[in-house]
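Okay, here's the structure, questions in a sec.
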Amino acid sequence: MRRQIAVLLCFLTGFFVVVAFFIEQDPIPDINEKLDELLVIVFAFALVLGVVSFLQHHSKKIRRRDKGWTSSVISISSLVIMALLGIFESSIRGTGVIGDRTTFDWVFNWVFTPLQATMFSLLAFMIASAAFRAFRIKNIEAAVLMVAAIIVMLGRVSIGQVIFPQSLAISEWIMNNPNLAAQRGILIGAALGAASMAIRVILGIERPYM
Amino acid sequence: MSDAMKIGGIDKRWVYLLVAIGALIPIIKPLGLPVLSTPAVEALFEKIESLEPGDVIMLSFDYGPSSAPELDPMAESILRHCFQRDISVVVVALFPLGGDNQAKIALNKIVPEFPVVEGEDYVYLGYKDGGLAVLRRMAEDISIVFPQDNRGIPLEDIPLMQRVQNYSDTELSVSLATGIMGEWWAILVNAQFGQPVAVGATAVSAPKYYAYLKAGQMLSLLGGLKGAAEYETLIGEHYPELKERSQIATRGMDVQSIVHLIIIGFIILGNIVYLISRSERTRAGGRLASK
Amino acid sequence: MPLSDLIGIWVAAFLTLAIYSFLYKDNPVYRFAESIFVGISLGYEIGLVFYRTIWPNLVERLIANPGPNWYLAIGGILGLMLYCRYIPKISFLGKWALAVYIGYFVGVELMQRLHGDVLPQIKDTMLPLNGPFWGSLQNLLIVVGVLSVLIYFYFSKPHTGILKPISKVGVYFIMICFGASFGYTVMARISLLIGRLTFLVDGWVRPMIALIFGSS
Amino acid sequence: MIRLLLAVSIILAGSLAEAQTDTNHINTDSIDVLLADSTVTATLVLQLSEDSTRILLDWTTGDSINVILERAGNDSVFATIGSFDPTITSFTDSGVSPGDWYMYRLLNGDSMKDLGAGASVEVPFPIEESRFFRTERTNALLLFLFYAATIVGYISIAKRGAQLFIRKIAGLDAVDEAVGRATEMGRKVLYIPGIMSVDNIQTVASMSILGYVAGKTASYGTNLEVPNKDPLVLATAREVVKEAYLKAGRPDYYNDDMVNYVSYDQFAFTAAIQGLMTREKPATNFLIGSFYAESLIMAEAGNASGAIQVAGTAELAQLPFFVVACDYTLIGEELYAASAYLSREPLILGSIKGQDLAKAVLVGLIILGVILSTSGQQWFADFFIQR
């Protein structure tokens, strides 16, 4: 019974959205808007689950003195400090423009932002090692992959055009023709797959919520 | 470290090291690798070269901080080029999220380099919200949109603006744009009012501007860091005294060129190693490739 | 420069190098930076969710104007239902909340995919082949590419007979696409690295040298 | 004081109109110009939104510094609906009620004192009631009905016990092998469900695959860890994994900490996963769901730690990186077909069959569209325009 209710709830909300996509008669658009608004709140509540899980996960490591438990102490402390700063220094409230010189902003500017940017920039190294390892002429497909990548790479930088003057024109042609066609094919297929998945979930054939 | 760190017998940390060195050297000291200028960029340079001292152009800051790494160098080069040739610049900002700030940053940096006088050789009119409507209005009278300049001086009291009432009194409009704003200049200011328009765009949005360039609705297109580096190179070639200063995009492009070459070099090296020892099992290449 | 910024630059430089040290090998310094990063980012999110969602979207609106905003309480109740999983007797309520949430967005995706992806992409592929020779050839290439890739993903039949060569063509298109996208992205990734290295060189090392050896 | 109020109201009206203009800008294609009036000093153009429930006004006023817009309803009494800065030249009136007649008048002048009547226009028929069905979406409705019907049709065929074939998908055959490898090596299986929430359908598909993987690890007694970036995915993944362990008859092997939470920040999550892969060296990594820039960092870390990696996503921009750095990659559509392939459940298989039939029909329609466009019949392709 409890399971059937879950399936029914999923069906009703899913079906409602599909109807709302086509129908403009009140009160359907209005209900749709309200649903959208209130589900944002559900999402916000879920963060507590995450924080509880985070604290459990790390405190278990500390209790058992697992390998690397000191990292867990650091994680929990920085979480607590940042959460307290965020709640008591109200600079992130409202506008979202971080401008005042609070401790919170200091941590945001000098700790959080550099960490984010540096992690992101690791990609420059990863893309190099991945290319080095993966682009091998093992067969025709792999060769096609490699040649396309090299031409486009040359076309992007000025030295590339010194080495291979046609690279810019060829790489733009590749981007706008075969690349576009394949992207479109993958996109249409994936969209149909996603829609089919959605129909299965709405009909309760697949139940990812249980 | 385990064998997994190795690729075809080479520790992949060598790849990391070379990428890091390749990126660091030009940042410490620019190499000045050759940058081939393209007709799309040359068109703007030639246009400004063809102007007489005292002519006026309009420069619009239509971007914010997120596009600054690509578009700031363009702004600086264009301002330098104009000031060097005694061409007056009317500067405006139309991008809501930071256009004003970018304009001030660029002017504060370039103005002290030249003996130029605010109000005579250049003027900054400030930021105005309203997008297309503003562009349309300025075709009639700039002073409707900007009754006074950024300092609060009415336009009629500014010597430069006494010469300029609307687009027709300027020789060229340059928009450094993020997203859609450059298109507005092409479809409105160029197409409707016949004003020559050049656009500096980020690399991501540059491809969609090519259509306007091809259709003749834009005089010139500077695309991304590369476009900026081309302009810097043109300036360096014609005005050696400015070369030292105009190297920001060139420096970034040096890094790009070197690291791209390093990656391509490693791909070739990897294939040589692979061909020599075919027996080695590589798991990479993915399913499609390994089928 | 205020002292807090000076310290900030040093902290940022240290953390930047700490992350890069992972490239050599995993080490305690990286682990330290990672732990701080994880903790701080989650702590930041707590403040953000509280002040940007729970407070303005729920509490404030319910207090200020409960009449027309009553429905927001449903969001709060669904949210609280998620916590029921900690109480075994009523843990099923959490699944109900998830069912509503997933049901809604699955419905949204269903129509978005069909209306927003399938329709326009199909329309854009219906290209005329009777224009100038070169343009028509490119159009033909796009049509062939789209169809062969679509057929490559056909699951109901094995790739034999006529499907074999067609899906093979599809594979070539996919390989060109992946190679080109890969090559195209390299530049953006290097830009990120330039940003960090410029900070280290121009924002940290150079001022430091200037400070020690006197500015020049 | 009055001047101040006036200034404020102009700014307010201006910003209001600004916000309105923005939304119209997107829809301009679907709007027909209805009426215009031009005088010496001003031009006022009136347009009706496609659903005829809003009125869009556009004007030019020469050199006027001040512009005031007035509206009269059934009673023919004009009232101000906004005063505008000269830079603003359009306004959308959404405050019209169905069934009523409306007339608009523009006043303009160089100062507030000497405003004169500029142009005026009248809407020649009453404003329409908002409609029941969005007729412009007929093509989407037909597509939806056709698609849903083929899928539901095939599901009911499957229900009657028809044997349904599905071709080999290498990436999915690898799932069993990958879990088996972890069991042999006595190491854990790491499952990353992407970084987006369950409002993204790729995550939903990932949950289905997670259910299958968890069933395998439960019956083999292999360790499973599911670190999360999104808290709602955390909640969902816990239900899914718990259910799988229950079904496999091993509820005692399940604990909540298997499915744990890392951080909401994309790159903090990435940093932690990179560290985890390097330190704990899981034998198998599943990277299935919606990924962005972190895809390559994670896949490279997993590759360096010697794990066998199965990836799956429909994010076009990330697919090349997974293909390059992982052993198997589920590309787009394969991700969604995975649950059918793995579970072999007839109903799900039926939906895949239906999907394939629909796809075959669409391929036919594209070919027909190309033929018709080539012969100058553009109407067919135009039918598919997204509105």
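Letters are used for the chains, namely A, B, C and D, taken in the order the chains are written, and counting of residues starts over at 1 for each.
The criterion applied here is as follows: contacts are C-beta pairs under 8 Å (C-beta built on N, C-alpha and C of every residue); 3 or more make two chains touch, one makes a residue touch a chain.
Model, not experiment: these values are computed from the prediction.
Between the contact lists of subunit C and subunit D, the overlap consists of A, B.
Comparing the centres of all chains, each the average of its CA atoms, the largest separation from subunit D belongs to B.
Distance from the subunit A centre to the subunit C centre is 3 Å, each centre being the mean of its Cα atoms.
Subunit A and subunit B, compared by their mean Cα positions, are separated by 30 Å.
If each chain is reduced to the centroid of its CA atoms, subunit A and subunit D end up 13 Å from each other. For subunit D, the set of residues that touch two or more other chains comprises 137, 140, 144, 147, 198, 201, 204, 232, 235-236, 239, 262-265, 267-268, 271, 279, 303, 316, 319, 321, 323-325, 331-334, 337, 352, 359, 362. Annotation for subunit B: residues touching 2 or more other chains are 12, 16, 19-20, 23, 256, 259-260, 263, 284-286, 288-289, 291. In subunit A, the residues that reach two or more other chains under the touch definition are 18, 21, 42-43, 46-51, 54, 68, 115, 119-120, 122-125, 127, 129-131, 133-135, 141-142, 145-146, 149-150, 153, 156-157, 175, 183, 186-190, 192, 194-195, 197-199, 201, 208-210. Interface of subunit B with subunit A (complex): residues 7-8, 12, 15-16, 19-20, 23, 33-36, 38, 207, 226, 229-230, 253, 256-264, 266-267, 269-271, 274-275, 282, 284-286, 288-291. For subunit C in complex with subunit D, the touching residues are 19, 22, 26, 30-31, 33-34, 37-38, 40-42, 44-45, 82, 85, 94-95, 98, 101-102, 104-106, 108-111, 113-116, 118-120, 122-123, 125-130, 143, 146-147, 150-151, 153-159, 174, 177-179, 181-182, 185.
Contact residues on subunit A toward subunit C in their complex (touch as defined above): 2-3, 5-7, 9-18, 21, 34-51, 54, 68, 71-72, 74-87, 90, 92-94, 96, 101, 104, 106-115, 117-125, 127, 131, 140-142, 144-153, 156-157, 171, 174-175, 177-192, 194-195, 197-199, 201-202, 208-210. Residues of subunit B that touch subunit D in their complex: 2, 4-5, 12, 128-130, 133-134, 136-137, 140-141, 144-145, 283-289, 291.
For subunit A in complex with subunit B, the residues that touch the partner chain are 124-125, 127-139, 141-142, 145-146, 149-150, 153-154, 156-162, 165, 168, 172, 175-176.
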